[in-house]
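Take a look at the structures below.
Two complexes follow with subunit A in common, the first pairing it with subunit B and the second with subunit C.
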Partner chain A sequence: MITPRKRATSQWLFWITGACALMAVLMLAGILFSVAIRGLGTIDWAFLTEPMKRGGLEGGIVHHLGGTLILVTTALLIALPLAAGFGITQELYCRRESLKEAMGTAIYLLNGLPSILFGIVGYLVLVKWAGWGKSWLAGGIVLAVMMLPTITVAFVERLRQVPRAQIQAARGLGLSRSQLCWSILLPQASSGLITGSLLGVARAAGETAPILFTAAIFSGATWPDGLRESPVLSLPYHVFVLAQDALDPEAQDRLWGTAAVLLGLVMFLSALALPLRLRIRRHETS
Partner chain B sequence: MTSPTPILSVEQIHVTAGSTTILEEASFTVMPTGVHGLIGPSGAGKSTLLRCLNRLTDLDDGLKVSGDVRFQGESIFRRGIDVDGLRARIAMIFQQPVVFPGSIRDNVVFGARRVLRLSKAELAATTERALRQAALWDEVKDRLRSSAETLSVGQQQRLCLARGLALDPAVILMDEPTSALDPKSTEAIERLILELKEDRAIVLVTHDTQQARRLTDWLECVCVIDGAGRIVDSACCDAMFDSPKCREVADYLQMDWQQPSTPPLNSRVSDPTTERQNY
Partner chain C sequence: MIRTRPRLDLTRATAGTLALAVLAVLLGMGALFFWQSVPVWKSEGIGGFLTGKQWFYRHERYGLWTMLFGTGAVALIAMLVAVPLGLGAAIFTSEFLSPKTRLVVKALVELLAGVPSVVYGLLGVLLLRNWIYEGLDLRTGDTLLTGGILLGIMVLPTVMTLCDDALQAVPARFRRAARGLGLTRQETILHAVLPQARSAILASILLGFGRATGETIAVFLVIGRQDNRSPDFSALVSPGQTLTSKLGGSELNIAYGDSLHWGAMMGVASVLLLISILVTVGGRRLLRRP
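== the complex of A and B ==
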């Protein structure tokens, strides 16, 4: 029987949880709104397609946009196979439960490391020790390591949802582990790779600390033409530097414009993959 | 039971999980044709015993199997054996039909395509042969490309059978293949089992004693004694039912007799073709 008191508690809970959800949505909306209202005015075709002039006070951000795309694409190309390999090793080939858990813990630890640490290690190992100098590849590799946990965790979660009955049936037909992997596991868990990649790319696109010492410079770079000593411009670093000139109203406009482009890029990536994810989910539920 | 050499001989299979013994020293032989039944109460280890026969137990963490199983004279536990090849020769049908995402055709050749590496033309021929053998061809020949999930559960189970048959196995292991099915689909599967047993061995786990009587030629009764599954009786089907050798078997069969839906044993006809009219 539902007593009035129980009903009141239930009502309260509804309002509290509802308020929490609303708060999260409002925060997102607030950020989107404040970036949009300040930044959208600056964005036009020239801003997106012209190179930077006068230290970012004039011209556009084509090289920043391109640089960020180069960095995240490189990172994704490196991280995706690594994450797939890691997940498959952990779930398919690793028979010892303790080792499986250790692998899971390692990936969570990697996820928890501060991003500046990645930047410094990347700087010491790639820029200095390997002698690459600041390079888009160094930045891509550092961002790849940062993305790795995000993609791996999403992939492993999905791998664990593959029905055990299907694995048994496939092995029962005489499929080897690698055949099982290609025919059942990868197709069914690919949505995890996609989701993870999106989250990873979205995060990597906005990271400043990892590329600070490894790949990004503020000005003087256009398109990379080699591996060594070929830094790139990037959106988050541009925002970072412009924010230090916050008193200059010209810089302010450019700052918010760049921020809006960065935000738009991340949202565009998510939107791009949304139909794909929905299609996969529909396929799974049908 | 025409050939004197068994296709499978199970020698003292002993299965433990940690400190628990699941199955104790099970031994029996399976002839190259006919239906070999494993009956007994739930939880007695029938399914585990069945899974030992093509080493599917390897996939279960923490299960230790000792003893030996000889398939066509050779140990399936010997060093260097191609376990995947073994499983293709000894197919397994599960209690619940397991269809893979994809079309009916994809499902039929799922194993054959990868394990036998057939050409396109061979695959088409294999699809038709396997579906005909599984008595599913007429129902699906016009929609081989539609999703296998659109089939009824009974059809899905026959699809799983077709998928195994596409590999032309010498032995088919069936783990209560009709327990998830309606009477009509059960009848279809039972008719298939009787056809298929003519040229291959079928090892059938069931806890439906009527089904065992209808289908099997030889029976092993697996019961729990002192906490572990054990083969308590091994006899040809009629002998097991008419004169059970030990109390466990009698008790087990007795329990089933007392179920109201079951007609008394002596009134039942042993010819399976007439028996099926009950459905």
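== the complex of A and C ==
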């Protein structure tokens, strides 16, 4: 029986953890809010469609927005087939449990690596050894490797939810493994690829460290024309550079504006992925 | 016509090749860092490089100790911020909220986990740095403490959502059994749910720690990036250097071409790689444990 005393003492965990949750939510909401109130005032059509002038003091961010889109699109185009191939190999063709396990671990390892390490490998191999210099493609490749685990994990998660019975039925009808792949697994698990892509792109769009040495410069680039020595401007790098000498109040408005655009872009992409993710979760729990 | 050889399975070949390419990238990265860092291991010795307190590249002295200290200190401070708040908040969302409300809160938190690190860096530069500078009356706001607190806020959503998953993974029968024995809700959480979720919670904390050690941009902006601070208590409120802020700096460009200096930078990268591998493998081990 719960005595009154016991009831009273059993309240503290509720209040303490509730306070923790409230503090966490307020802190995080505060972050969004403080970027929004400082940045939203700057954003208008001209800001989004004009090129930068006077090192970020005037003009807009059209090339930064474009550069970031070029980088993440390139990365997605490279990462998507790799992730699909990896997932299909792991779940369909790999018959030894230990090898499957090892492939899973490899993806987790890749996911856990600090993004600066990808940037340095890209710098050494693509920028220096291949002689590309800073290039949008080098940045795209580096970001592709970085978003790969995100896409793969979402895809494999979805592959594992394809009903056993359907696969057995397909096998019973005499479908080969490759037919199974194209007519059952890929159509059924494509939502995993989409969710993973959205999350991967959202993550890659905001990353600075991988493109620091491989693709981004602060000013002087417009649209890339070619492969070698064709760097791009990008949103996160712009914020990164301006943040290092953010004392000029004239630059601050545009700095916050750029940060707000970046944050909005990333939040939008993650929000798109949210319903799909929650649907996967519900599927798991039911 | 009788086909004697099995037909080449194009799908299998393509998928297999792509999978191999991914594995090759991972292994290649590791091999590249260690191979490129050979000169510094030869010149300083493994122990000498790891425990050397001086880094003067003009005098060819390369020691990691102050950066290891910086990374460790920053990550520990971050955990001091993120773990109590994150675990507390996760207990609340997982155990006290209705499933629907929990999902809404969780969705918001996961959204926030995606805020780019450069945005945190910007807030650190323009807000947190000044608060630390004025609040603690220091000579500068660029300190290890600033970096640690900023990182703590940054990994908070990750720690929170992973801890929430860990608690949700505890089967309902444990809760029912404990409640059936007459335990209050709080006692159920403290004595039945938390012990069951212990290793998964530890794994979440470890993964948060891993993210904190590997984060570059936000730390880079507020840490001060000063080499050769002697690792003591006062260093926490002084400018310092971490493994990642070293790698993110322009010294990388200077180092390229000088095999020893480049080797030293790659040594920093190798150590960072090793730490993150250990953390990831450790986290997975913990998660696997029943």
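What we mean here is this: the second predicted complex is superposed on the first by the 241 of 286 C-alpha atoms of A that agree within 3 Å, B and C clash if a C-alpha of one lies under 4 Å from a C-alpha of the other, contacts with A are read in each partner's own complex, and residues count from 1 in each chain.
Everything that follows uses one rule, which is that a residue touches a chain if its C-beta (ideal position, glycine included) is under 8 Å from a C-beta of that chain, and two chains touch if they have at least 3 such contacts.
Owing to the predicted nature of the structure, the values given are computational and were not obtained by experimental measurement.
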Contacts of A:Ile16 with subunit B and subunit C, given as first, second, both or neither: second
Which partner reaches more residues of subunit A (counting touched residues only), subunit B or subunit C: C
Partner chain in contact with A:Ala130 - subunit B first, subunit C second, else both or neither: neither
Touching partner for A:Arg171 - first (subunit B), second (subunit C), both, neither: first
Which of subunit B and subunit C A:Ile37 touches, first, second, both or neither: neither
Subunit B versus subunit C as contact partner of A:Arg95, first or second or both or neither: first
Touched partner set for A:Pro187, first subunit B, second subunit C, both or neither: first
Residues on subunit A lying within both footprints (that of subunit B and that of subunit C): 176
Subunit A to subunit C touching residues, read off their complex: 1-2, 6-7, 9-14, 16-21, 23-25, 27-28, 31-32, 34-35, 81-82, 84-86, 88-90, 92-93, 103, 105-118, 120-121, 123-125, 128, 145, 148, 152, 176-178, 181-182, 199, 202-203, 205-209, 212-213, 236, 239-240, 243-244, 246, 252, 255-256, 259, 262-263, 266-267, 270-271, 274, 277-278
For the subunit C and subunit A complex, residues of the former touching the latter: 9-12, 14-19, 21-23, 25-26, 29, 32-33, 36, 84-89, 91-93, 95-96, 103, 105, 107-112, 114-123, 125-127, 153, 156-157, 160, 182, 184-187, 189-190, 207, 210, 213-217, 221, 244, 247-248, 252-253, 256, 269, 272-273, 276-277, 279-281, 283-284
Subunit B contact footprint on subunit A (complex, rising order): 95, 97, 163, 165-176, 179, 183-184, 187-188, 283-284, 286
Residues of subunit B touching subunit A in the complex: 54, 56, 59, 61, 84-89, 91-92, 94, 96, 98, 100-101, 110-111, 114-115, 147, 149, 160, 163-164, 167
